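What follows is a group of structures, each given as structure tokens.
Two complexes, one shared chain (subunit A), two partners (subunit B, subunit C).
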Partner chain A sequence: MTQLLLFNITNGLIIGAFYVLMALGLSLILNLSNVINFAHGGFLVLGGYIAYTITPYVGFWGGLLIAPPLTALIGLTVERILIRPLYGRDPLYSLLLTFGLAFIIEDGTRFIWGAQGKPVTVPAFLAKPLSIDFFFITGYRLFMVAVVAVTVTLLFAFLRYTRIGVRIRAGTLDLETVSALGINVRALRSLNFAAGIFLAGLSGVLAAGQLGLEPTMGTGLLMPSFIAIIVGGVGSLTGTLLGGLLIGVASGLTAVFFPAASEAVIYVMMAVVLLIRPRGLLGEEGMMST
Partner chain B sequence: MSGEQTRKFVVLAAIWLALIFAPYWIVPLGGYTALATRVLVLGLAAMSLNFLLGFTGVLSFGHAAYFGLGAYGTGLALKFMTGSTPLSLVMGMLLGGVAGGLLGALIVRRRGVYFAMVTIAFGQVFYYIAFQWSSLTGGDDGLRGFSRQPLDFGFFQIDILSNTNYFYYFVLACFALAVAAMGIILRSPFGRGMIAIRENERRARFLGVPIERHIWIAFTLSCFFIALAGGLYALVNNFADPKGLHYSQSGDFVMMAVMGGMRTFWGPLLGAVVFVVLQDYLSSVTINWMSFVGMLFVLVVLFFPRGLLGFIRRKREA
Partner chain C sequence: MKNEQIPQKFDRRTVLKTAAAAGVMQIASPFVVPAWTADNVKMGMVDPLTGVYAAPAGNEVIGAKYAVEQINAKGGILGRQVELLVEDSANDVGTGVQKARKLIERDNVNFIIGDVNSGIAAAIAQVTAEKKVLHIVSGGHTDSITGKDCHWNVYRVCNTTRMEANSVSDLLYSKYGKKWHFITPDYAFGHTLYDACAANLKKLGGTVTGNELTPLGTTDFSAYLIKAKAANPDVLLLLVQGSDMINCLKQIVQFGLDKQIHVAGTQQELESLAGLPPEARIGIWMFEWYWKQPGVPHVAEFVAEMRKRNGGKVPTARHWFGYVSAMTFALVANQQKTLDAVKLAQALGDFELPPEVKLQPNKVYYRKGDHQLMTSAFVGEAVSKGKDDPEDLYRVDSVVPGDKTAPSVADTGCEVKWPA
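Up next, the complex of A and B:
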């Protein structure tokens, strides 16, 4: 029983770490540009497939390093061409646009790489379990968590200590004032969008090593990230971090006691949070209602 | 009658005549009656969603949940409780509408994209329930084992089960009732309040419109209407599918409403026509048909934000 419990808690934490990475990207974009990026799952899949395509030439590590910036580049192009014209309009339009975009990306990947799933191999030393008792902790999973931890630390440091990071945070609170202070808000939004898509691409590469690749995999991973944001509190990246880990562990634990509800439990958590503390665990007051 | 009124009357008459004679003109055009029935049902769903989106200005991305609840409610009522088709539709409507009313109370304090986000997440709860509770709902396979029953008026019967034309007219009657109800509500002081919220929420609040309660009522009404559409959808196929509750289904409704024109009353019906015909035609040509619909949708959002009908109207006024 202890082993089963431990298995599911670790599992939950690992999945949670993964949700965190994806949700942070979504959250960055949502906070600054007020865009719910429905195509985030699509970018995740793109990142995975790009890594899959270049791995034969540059190896696993090369793929891990190169695929996320390439995905970010695609994201930047999309932002420039499709999303920028909509900033002046009701934020609902950009949500609608990314919803349509998600279909295009999904079918595009299916068209280029085929509907059949692709297996992805990770370096042999990462694929091994660490010990027999804890067969479920493979090197790759630890590696995933480590990558997430490093990325999250870097992201928070970037937002805290660099000039651009501070501007992004300021823009989250009051974009108009930031703009009035002479900061190029368009460039800031582009950069921030690209950063969010970078995180999606990185999630894609990591997910590919664990789950393999399929054109539809992004859709299933999108909803938990939404919930991580709502539970953690809109407007707070620390909240998103907390929310992602919480829902990961919650669904892991539910898988032990009531497997049928392991997917629904995160929605129940969200409902409870909205009932008791509508702004989310660490959310700013009033953030969700404007 | 003034010129404007005459024009409105002519357009309305044209819409209803086209709908009434649909089984007769759709077949020579290469369609089939069941296609027209599907357009009506999905059009009603999109119009119900747009009742909220277009006239109160809040976007629900989880309306498929109430559509699906309507479908399951109707299906389960037919399977276990009653042999009356209209009664089972009422049960479906109640299930979807009451669920919408309860959750709506939690949702209405959110605005804008957060409203969309919360509705989508709540909608998914029902998807998982329908998916997992296999003993009642049939799980992934969907709910089977029921079929619409002939309408029984005592002294005569109308066989809507085997005669697709009769069934079309049954659906059209339900559609007409729902659409008339929506039209009357929108003309009432309550409906004016909805539009006031859409145009300027703060001003409406200062004028004494109880914003949250107003949106909650509009949301609940819209859930009742879409649950009726869901119930009819279950009757079309004699089948209820968990995918009907999934947020991608909500997305389809949103696409219909936006493509047709979300500030217009009839736009979503036009959107449903475009969507269903495209789906019917493209899916027989390519498996990647969703990307074509997606592309069309992206173009509409970028260049015709008022949708097809809004664009036509703008052209005429210019």
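Up next, the complex of A and C:
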């Protein structure tokens, strides 16, 4: 039993790392632009399909490098055309728009690539387990964790030490003042949105190697990302990181004792956090005002 | 200064409005009702065109559409052209029932086909029985549809879960061993399939080392596979389907579990094998129909015609389900020269499918006692790459007649009650 618990905690951390990547992208967009991006799962799927399409020409590594920026470019276009006109309006507008966009992306991928799943092969040296005992730690999963770790580190460094990053952080606190200081807020928002979608695209490329690539792939991954933000704290990227890992571990542990509840447990966690500490573990007070 | 510079914060009312909007979006139908002619015979089809079963459901629709083309080319049903109206159940029981009611009450369909999802198929059967509409369950496998919950107006094309379990149990036991561990989707189909497999295993003298119930749409199976490995079974039976099958098999192979435990299952589909990387196409399974049947009459022509309608790809069992369902209505209606549901339902008892529709070597007929099509089980093994054809991903070792795998009518628990 102890071994089973340790295995599942480790497994949960690996899964949680993936949720972190998704949730950080969502959190970036939410914090600065106040947009709940229901289409985030759709952009994840787009990233996966773009990588699948270009892999025969550029290989797996080329797909990993090129697909996320291409996805970000699509995100930039969407932000410029569809979302920017809704800034300043009731947040429900952008929420409904991204909700509809999610369906459009799903049906669009189904139309272009078909409803049938696409086979995605990862490099052979990654598709092996660490050992017979630690079979669930494969080279690919370790690679995923490494990519997440590097990405998160770079993201935090970007936000802390670069001028644009500082402006993004300032904007999440007081966008009016940032604008008054002469910063181009429109460009800042666009760049921030693209960064969030880049993370979604990267998540999609990584997910395609692990899961079946099909149009509904993003749906099952979107809700845990939202919950990671709520549990960790709206407005806090560190909280989002913590939230992602926590729900991954919670889900993995629950699978040991009560498998049927392994997906429901993260919703229970969300409910408990909202009841006891509505701003989340590391969130800022007032982010969800009454 | 424009207001767009100052973002509004969310409040609880916004969240509540959002939830209400999301709820309305769930039930609003995005489909435009096509124009129809009053004289046409209408077939309604309810299938999950979105969600985890979108691929097999879409293929059933393609098969049914081809059947309608053929029917109309030969003069239709009773001299009237046939129209196929398709609705998306979205893999949700409530939506499926609503769409079935809409087809019957608003569109006045004469027949209903559907659903891939066993739970939805069973729910729709309640509606069609209430409304007295002849209904063929094309792809929902749970036993009760032609078992304890059978209806006079409901027939089924695909195998029952008992038939699936019976077709492979002996082989798996003798070839792999007696300790079986299951990965089972947590809904009607999974439960009855597991019950059938477990009952067979018990009769053979084996033991169940565990049954992992997984929610439909599970993406990560690692926690379940950790438990399966810890149980040390001889064989790991995957009862999941669609995207779940793809995810599970991919992860089993990535974890190297296939080198430690035999991997097999009951129902496998070409849609799933095609969605897997070659190294994950493993295991002993049963197919419900397979496209490569050398020497069997009419199969090659069917495959050639379906390729034209399926983007160059070969038809799968799902195409065949949709095709047979629609053709059955036409055959029996033209034979009986009526559209009366009761008369047609009675005529379908022991109705044998002609060679150009059954497309397999054995006799295929709807059994009178439980309305189940006695269709064959194509037992064999997945192959990583097709030898002569890239789509030949399965090696058929034996084609077992349906009446050899089906339990007796008495064992199904079906007692058909006809309307007065």
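Basically, the second predicted complex is superposed on the first by the 287 of 290 C-alpha atoms of A that agree within 3 Å, B and C clash if a C-alpha of one lies under 4 Å from a C-alpha of the other, contacts with A are read in each partner's own complex, and residues count from 1 in each chain.
Following the convention adopted for this analysis, a contact is a pair of C-beta atoms (placed from the backbone, for glycine too) under 8 Å apart; a residue touches a chain by one contact, two chains touch by 3 or more.
Here the structure is a predicted model, which means the values were calculated and not measured.
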First, second, both or neither for A:Ala72, with subunit B first and subunit C second: neither
Subunit A residues touched by each partner, larger count belonging to subunit B or subunit C: C
First, second, both or neither for A:Ile29, with subunit B first and subunit C second: neither
Subunit B versus subunit C as contact partner of A:Leu275, first or second or both or neither: first
First (subunit B), second (subunit C), both or neither touched by A:Val120: second
Partner chain in contact with A:Phe226 - subunit B first, subunit C second, else both or neither: first
First (subunit B), second (subunit C), both or neither touched by A:Glu263: both
First, second, both or neither for A:Thr138, with subunit B first and subunit C second: second
Touched partner set for A:Ala255, first subunit B, second subunit C, both or neither: second
Which superposed partner A:Gly108 touches (first subunit B, second subunit C, both, neither): first
Overlap of the subunit B and subunit C footprints on subunit A, listed as residue numbers: 34, 89, 91-92, 95-96, 99, 103, 106-107, 110, 115, 219, 260, 263, 288-290
Subunit B-touching residues of subunit A, taken from the complex the two chains share: 30, 34-36, 82, 85-86, 89, 91-93, 95-97, 99-104, 106-108, 110-111, 115, 219, 223, 226-227, 229-230, 234, 260-261, 263-264, 267-268, 270-271, 274-275, 278, 288-290
Residue ranges of subunit C in contact with subunit A within the complex: 1-12, 14, 17-18, 21-22, 25, 30, 49-52, 54-55, 58, 186, 212-215, 217-220, 222-227, 229-230, 243, 246-247, 250-251, 253-257, 260, 271-272, 274-279, 311
Sites on subunit A touched by subunit C in the complex: 3-4, 7-8, 11-12, 14-15, 33-34, 87-92, 95-96, 99, 103, 106-107, 110, 114-121, 127-129, 132, 135-136, 138, 140, 175-176, 179, 185, 210-217, 219-221, 251-252, 255-256, 259-260, 262-263, 286-290
Subunit B residues touching subunit A - in the complex, by the definition given at the top: 59, 106, 109-114, 116-118, 120-122, 124-125, 128-129, 132, 247-248, 251, 254-255, 258, 287-288, 290-291, 293-295, 297-298, 301-302, 305
